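One structure is given here, and the rest of the page talks about it.
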């Protein structure tokens, strides 16, 4: 149907999502290359989480399409998107509080595809995990919970891993250690789409950045294509006064 | 919004016309026993009893958010209060107001038990209370035990006169229940209840005494159901625990409210009329009528929450009992309706 | 001696209440809804057995092999078609819908079977008993019911903690949306839970119609006993439910020593008393309001 090149895993076209009476996403389009890290940045309320939730199927767009490997998945329900290879690490991690660490991880295998990720390989990536596997997930620290949430998503062997606000509420050192494990993710052929409020973090790790402001795209390209000032302007929408906003 | 809001009004039309209409209807209803056959007023007595119950359950669940399936406890208490007083020589009709008070008096300690629970657990616990009350009374031989007792004190009255008095008494209780609920919902408490219904935590945070408001509603509802129970005793001239403490009464009131429309005063009135009409017209199908009415109520509960009144009210803004508000704005062309708040 | 007898009979009677409580407890734990038609569904299962036994020519004791799977399927279908849409408009709607269902079932049974009572005759197992002493004997059936009740609790507990499906059920109970993100269709999972609950309550209905007798209006009484067992034990705790059922059974049989009327009243009084002093039950998992 569309001329998606083979190496674009995800393509969204003119995606518009309403959240209550607000337009949370307004005609956003982009493509994500396979085996790359793509970062969506933006201030609070820019529509980043709505974007991630829409990609996972939790929100229905009122307009636009989502294509995974050229196939239109816009109306596929969330639980079936997992089987197609999309896994979301939601904002706030959302581990199952009454389940143990290992049980939380195992839920990730419920609709897993074939692939390299198993309990053994995630335990290899986070060596502290096996010794705490029978603890309740709610007793872990924030960073540990984030790691479990990422591993839970990995165990479904996704092609596209969506991570919403990875660094929110975590100490910088914890964030760095989680990001340092991303190299091995890319090697396994995984594509990562992440939402990050920390712009410098996003620039250092992603090969593409996409900035949202009030649901609209304000900037996109390679992380080195722009100066910090340009990104800041796109992020807050202040440097270049936006007339549309002024009338509100 | 520009233009100033000059006054807030309850109704779209003046209370004056509503008053006239109301008076005409009430006078007509009072005169009815002189005009129609007794069979018809007997049916109306059943309608009035159902209407009282539906009205009371609607306040409880539709405004108080308390889904009770145990209101038959108070029907039973009301009926047995009349029986007990009649056994001691008190005229049954005079016992009706006493039964109403007794219902509320019993409800008070019971509410302390029940209000520890919420949602579904509250619902079944109300049922437990009703079952326990029924079994307790069955164990009292002087009240007829399990077989029941006939109501003394009315044998001397001719059946026509008794029928008429029963009708007037039911009419009086029905009007009293409607007026009290109407006034309740227009009062500060009604406002508090609406706030609680829309957002309980929010209402708490702005200082609404939620539990107190709910308890008052619970007491009022118990009092009304006890009044209905007293009327049941008088209209059947016989009181039996298996009948007055039967959960079937709660089924009737819930079905009437769901069909008519929960959360409005008009809904239970419409629902009760529809229920009685269905009951009369499906009478030859025995238990099937409850199957049909139950199925209709279930379908409405899931797919048409507002019931008949809700569907009607969505298409017009007419209200028989205006308990919401209308903002009017003064303008040279006359008053304009600006906005209206909830049902 | 009659007191000891009452105590022991009560423990076994408790088994019956536990069977009624198990499904109620499971559904509340997973969906936080209470099925007010629970007792009526049990009674319906009893009537299905009454109809099927002469048709299928199998001994009454084995009828559960047919009836239980039928009710598992009915539970799944009802969840998807009726309870799930009602959940969308809030748990109070579910309560009203299940109450309506209760009235519908009761009146359908009344139309189909009249108000007369029915029971399932199971021959020697129904009449035989272990004679402990001259005055104390325990019927085989009572023992069987208590064992089935305990087995039901153990199987549900193990199923929830040890199997993949059980893990997903708990995950859905914790966080519906997060469960969707790992590929679980929560509506399907709720359906499974409802299927299990209906299966256990069908078992309860069969046990009731073998142990005593059923009438179309018997359902609510046992719904209430089941519910009381759940609350006494503590919401969401299956082992607590087992204890709660036995407490109620003992209350009923000891009350019966005083009078028939008090036998019916005592379990409710125990429940109300416990509610007054310990509203969270004895083994609470989730706090109440």
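When the chains are written out, they are named A, B and C in that same order, and each has its own residue count from 1.
In this section, a contact is a pair of C-beta atoms (placed from the backbone, for glycine too) under 8 Å apart; a residue touches a chain by one contact, two chains touch by 3 or more.
No experiment lies behind these values; they were computed from the predicted model shown.
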item: Pairwise touch network: line, ring, star, complete, or other; value: line
item: Chain pair showing more contacts of the two, B-C and A-C; value: B-C
item: Distance between the centres, which are taken as Cα means, of chain B and chain A, whole angstrom; value: 54
item: Approximate Å spacing (C-alpha centroids) for the pair chain B, chain C; value: 33
item: Whole-Å gap separating chain A and chain C, where each centre is the average of the chain's CA atoms; value: 45
item: Interface residues, chain B side, partner chain C - complex; value: 61, 65, 67, 69, 113, 116-121, 123-125, 127-129, 131-132, 135-136, 138-139, 247-248, 251, 254-255, 258, 286-288, 290-291, 294-295, 297-298, 301-303, 305
item: Complex interface listing, chain C residues touching chain A; value: 164, 167-168, 170-171, 173-175, 177-185
item: Sites on chain C touched by chain B in the complex; value: 28, 32-34, 36, 82, 85-86, 89, 91-93, 95-97, 99-101, 103-104, 107-108, 110-111, 220-221, 223-224, 227-228, 231, 235, 259, 261-262, 264-265, 268-269, 271-272, 275-276, 279, 288-289
item: Chain C contact footprint on chain A (complex, rising order); value: 56-58, 77-80, 82-83, 87-88, 90, 94-99, 103, 106-108, 110-112, 152-153, 156
